[in-house]
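To keep things simple, chains are lettered A, B, C and D as they appear, and every chain counts its residues starting from 1.
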Amino acid sequence: MAGSGYGTIFRITTWGESHGKALGVVIDGCPAGLSLEEDDIQRYLDRRKPGASNITTRRKEDDAVEILSGVFRGRTTGTPISLMVRNTSQISGDYSEIASYYRPGHADYTYDEKYGFRDYRGGGRSSGRETVGRVAAGAVACKLLEQLGVQVWAYTRSIGPVEADMHRFDREVSLSTPTAMPEREADAAAVAYLEKAKKETDSVGGCMECMVKGLPAGIGDPVFEKLDANLAKAVMSIGAVKAVEIGDGYRVASRKGSENNDAFHMEGGSVAKSTNHAGGILGGISDGDTVMVRAYVKPTPSIFRGQRTVNQSGEEIEIHIKGRHDPIIVPRAVVVLECMTALTVLDAMLVNMSARLERIADFYGTSHMGKGSRGGRNFTQE
Amino acid sequence: MAGSGYGTIFRITTWGESHGKALGVVIDGCPAGLSLEEDDIQRYLDRRKPGASNITTRRKEDDAVEILSGVFRGRTTGTPISLMVRNTSQISGDYSEIASYYRPGHADYTYDEKYGFRDYRGGGRSSGRETVGRVAAGAVACKLLEQLGVQVWAYTRSIGPVEADMHRFDREVSLSTPTAMPEREADAAAVAYLEKAKKETDSVGGCMECMVKGLPAGIGDPVFEKLDANLAKAVMSIGAVKAVEIGDGYRVASRKGSENNDAFHMEGGSVAKSTNHAGGILGGISDGDTVMVRAYVKPTPSIFRGQRTVNQSGEEIEIHIKGRHDPIIVPRAVVVLECMTALTVLDAMLVNMSARLERIADFYGTSHMGKGSRGGRNFTQE
Amino acid sequence: MAGSGYGTIFRITTWGESHGKALGVVIDGCPAGLSLEEDDIQRYLDRRKPGASNITTRRKEDDAVEILSGVFRGRTTGTPISLMVRNTSQISGDYSEIASYYRPGHADYTYDEKYGFRDYRGGGRSSGRETVGRVAAGAVACKLLEQLGVQVWAYTRSIGPVEADMHRFDREVSLSTPTAMPEREADAAAVAYLEKAKKETDSVGGCMECMVKGLPAGIGDPVFEKLDANLAKAVMSIGAVKAVEIGDGYRVASRKGSENNDAFHMEGGSVAKSTNHAGGILGGISDGDTVMVRAYVKPTPSIFRGQRTVNQSGEEIEIHIKGRHDPIIVPRAVVVLECMTALTVLDAMLVNMSARLERIADFYGTSHMGKGSRGGRNFTQE
Amino acid sequence: MAGSGYGTIFRITTWGESHGKALGVVIDGCPAGLSLEEDDIQRYLDRRKPGASNITTRRKEDDAVEILSGVFRGRTTGTPISLMVRNTSQISGDYSEIASYYRPGHADYTYDEKYGFRDYRGGGRSSGRETVGRVAAGAVACKLLEQLGVQVWAYTRSIGPVEADMHRFDREVSLSTPTAMPEREADAAAVAYLEKAKKETDSVGGCMECMVKGLPAGIGDPVFEKLDANLAKAVMSIGAVKAVEIGDGYRVASRKGSENNDAFHMEGGSVAKSTNHAGGILGGISDGDTVMVRAYVKPTPSIFRGQRTVNQSGEEIEIHIKGRHDPIIVPRAVVVLECMTALTVLDAMLVNMSARLERIADFYGTSHMGKGSRGGRNFTQE
């Protein structure tokens, strides 16, 4: 099954394994005319790079992106954009041991059941490196959204028990802290918490959040293609995510209607909401307010202590995973959340262009008919 | 945009408005040979009917389903199955007032922004009645899954602060309680809580849960078509759902890896997990364990007290919603969760059939080649 | 497999069997704001009705269409439009004999091989009545295209050896002749030819043609979603069509480049072509000229003389088909060609709206940035 | 719009321009377990290489394919297979002149109208080099089909007035002649014809044909996803194809039913047809006979004599195209026809696996129920 494609109009197909020759993505359906160069994409890829701090793996990943097609004289042509990152530092030897057994919390067993065998080097396609293609494509989506007045910002909301204070939220801070926390105090506390967990040969989970600002009202479709439904799929498709929320999320289940409804009022001539419990989406369609998405991420399953499992021969064994693994997934996944959100929102905006006949007629210049004829002859062969 | 279609192989398209002539669904891609009659579907539709109790609306909905195509001599033929339910009790007069303003927590405003106008009678397409088509199609999916050894069971997990005790879980009980709770004690407490809220002209939220039992390992696809990603979309597409969880969901964010990993062991010759924090899915692919999905539902937005809002002329007004509305959405949405889960799981099973070459070769009888020729001549015109 | 759906943005799903309860179609993705009533659709359905003449079957088909959803106060709402035609005159007894054997030129054998059994009444889903849904949906597409300045006209080009003289082409004539020929002389000759064939208990083939006028240049996509590729699929999907041509079609294979190239010149300030061998499409994209599509249709396979075949028990037998069958398929298929062409062209126009960034930015009002902010708050829970 | 993707289960996305850095394809949904190496693909790519003869361009195209992902230890893993061919010989200088005007018969004008500008180097995405990705993917499809007992063979049927004598048909010959004709006499005559046309600074058209042997009956879906409908799209999507036929194609339009019907009879215990006018497809579904597809190709539009056209400033000019161009497209397009046919047939076979419930139950081992339980626990958190 074609499981590596995403989107309807702006459609991406990612490819590549952790320890294969390269990873990449093809963007099919990017509108023509976007100014684009490798640096635009590289900045996003660098955000998923392991940092200098102790809390990310020291594995060196020098992910240099190459634009192979779809850009001519610095602008997108409307034809497929192929982006590739060569793998440079893979050492297959590190991983050979895991070929024979099933690591708890990993996809080793399920891939074997599905496909009969698996590329076990570094997790193959189930590795976090799979997200290289998502981020490369998402960078293009983000740049395009900016041209349409829409910003997409993701950051770490909490790590273990440490939660960011959103009154101190600063986008720039979230781009510079090792945890991707949007304020420095929580960042410092989270780093301390992570170092302790690491010393205890353990790992921790966390929560990341994404806001979409500037999205017009009316984006998203009723029933199955609701904007929140597609965001839920986009976000749950990121490895290790186990819960997705829109707006206030699970908290609404213990509320009363009188507490949870967002009242409408007028603000500068526009309809606005007094609160945003709904997270910017009503009936699956954007309401003009900030869209809020939240993802809960499990602790890194690779931990450096003995674990019980079974091998391919059906024997129960104890394993000790080696190699380099982050004690937390969240900080490097934040940019993936941002990219998946951007891809979803952009596609919904493109799809939305055909919602109203009057706007289509405007687009094709026929809203005031009676102009000169288009097209021609009755005969084919003369 | 074609937002009312769902699924790849087993694909459904729903249609119909709350107060239109009828609602229905077309199932395209149902395998041939399933024994099917209207009663199989009616039983599911009856579960979303308002009950006799005080906690559901007294609006009479006599949803009798009619099979219009795709079944011949009691069995599905492989061609589209068209199912229709006529609307019988709509009284448009009840709703005419809401034409001009935007109810808080409803999709009135967003539909107007998207489409320029809306069918305001009973919420039109954004009404909960939209789910009639989903449930009719889901009933067929559930029957088909049973033939494949898979059960899908949804029920109410909590209402406001009242949570079901899962040690007393009983599927049959969940089908008979007014709250769809799977045990009677919580049901009684929840009913009391709901009656109090109703008296206070308020509404409450809740949580519903679904388990998939008997699903083979290996179902679901890597990357974007992960089983959990598709479940998240399916569930978030149900109106009023604001959060979706797989397995332990948001709780994993505050755990350590050593707590959250599910150890593998052998059980009766098969690989099994000692715990099921993962909810039956690893790397987006089923692991043979029970799949667990949870959905958090907001309180009914229609409440019987004054609310602030704006009208289409941009005036701030106070409104008093009339009509008949449940004080909670969950009990009648449980069957919708069950159906959306079933549709997702079934489609993933059908898609999975082409995962391995050896199984395809078996299917087409070519795994031991060298048999007699199939097909024929070199020439077209002789 | 979901084989009864067609289109990306404007997507239809047809359903129904020749002798089932009803036939119909769901249109998902029709833009909001189109004025639509049952008469708009009925006019198209009436064109596929058997006529008064001798050359079409006397089976009475009173196909009255009912709009079940998606239209409110006379305009489309943007939500699915469900259209249904009840079957009124089916008499299953007529067809019971064919249950056991395979009619030459029909799909009896292939349906049995695919599905294990079939609805044999009147051909079931493989009957020409399957096109009721296509025509109902196509009528809506045609009306929408007219609003965008595009006309789609199909007619009979030839019947057996009788070809229409295109210098006498008259759209109105093609709507009134029993053969759907666009000029009366060929119509008369064709009728005579058909009556002779009928007397000889035989049937004849023919060719039908469709022109699309007023289509702007730039519609269609490179590579696989070429406008001509999609037209080819649309047209070949009509039962009994065995060849599809664009522009001069198969004639180009025996031409020189110097004969076949269409020179460009200027005409009233616009780029135009001096000839239209290409049929209005270059590189899969419309060039602003009339799009020309042609379909070759086989003779009706049901003929009233003895034929050799086999039955389900594998015995060779001679059969004599009874019932009422047209000696030619073309005249009643012309409106199906028109509808399939319209559906394809309309969908391509909707898809094309996202081809250029500058036009998307115009659509969303961001081409001259720096206006007031959209959207809002940073915080979800306050 | 995502126009560069093709297929449902076995889905490909091609990318790349004539003079960009590289061209390639991602195959998403290839079943796991196929033995695959670069040579398997290279053999197909070599067939679209310009040959040593006078009738193909002398432009050197050294298309060496690289497998970048999806293959581990010589077998496909079920994850996306990324294939790339670096462009080595492009000299952009050759083409700079064409930037400003519209070549007759080319897509220059339509790309400008669609996208606002175009990559004019060698035709960019509209070049015949676009088919590199199709052929690379098609090679994999062909290898997979062979494992399933299906052969796909394309060859040149006619060039200008020279037609191959099918009684001398030899697959091996078709792989070695410069014209891809399947017999040497017609090949010699066609070469002579082409050399004459070339001397006259002209180009010629032709016809190519493809047969699918060994395809089981039952492949393809009713209505829109008919096997012949999808073949028509696949084939018409190849640049320069203007007509597509199945079986006897346009010839059926002038036949009687008694001539055109293929009688069924028994042959070695199986149902067979006495003739194959239908080209192996009835009602859109394969009938077990050889599938026959034919494509008519226009003469190369680039000819070496003066032509009238217009430029981007709207001036009428005369142009003289330079560079290297084949006087005929057909011989190098034959392998593209073979590949597009293979991709279509393979996808239809994979999709067909879910047609019957009994076979799905067999696949999942539930046709004789009552075996040991699968799956597990009722509780998530313990």
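By definition in this document, a residue touches a chain if its C-beta (ideal position, glycine included) is under 8 Å from a C-beta of that chain, and two chains touch if they have at least 3 such contacts.
Just so you know, these numbers come straight off a predicted model, no measurement behind them.
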{"item": "Given chain A and chain B, the chains that contact each of them", "value": "C, D"}
{"item": "Furthest chain, CA centroid comparison against chain D", "value": "B"}
{"item": "Distance from chain D to chain A - Cα centre to Cα centre, in angstrom", "value": "35"}
{"item": "Approximate Å spacing (C-alpha centroids) for the pair chain B, chain D", "value": "41"}
{"item": "Residue numbers of chain C (touch at least two other chains)", "value": "1-5, 8-10, 14, 29, 32-33, 78-79, 114-116, 125, 216, 222, 247-248, 279, 288, 351, 354-356, 358"}
{"item": "Touch list for chain D against partner chain C, complex", "value": "1-6, 8, 14, 102, 104-107, 109-111, 113-116, 125-126, 130, 158, 160-161, 197, 202-207, 216-226, 228-237, 239, 242-250, 252-266, 269, 271, 274, 278-279, 281-288, 296-303, 305, 307-310, 314-316, 351-352, 354-356, 358"}
{"item": "Contact set on chain A toward chain D in their complex", "value": "1-5, 7-11, 13-17, 20-24, 26, 28-29, 32-33, 66-70, 72, 75, 77-82, 84, 114-119, 121, 124-125"}
{"item": "Chain A to chain C touching residues, read off their complex", "value": "8-10, 29, 31-34, 76, 78-79, 144, 147-149, 166-167, 169, 211-216, 222, 247-248, 251, 268, 272, 275-277, 279-280, 288-290, 292, 349-351, 353-361, 363-364, 366, 369, 372-382"}
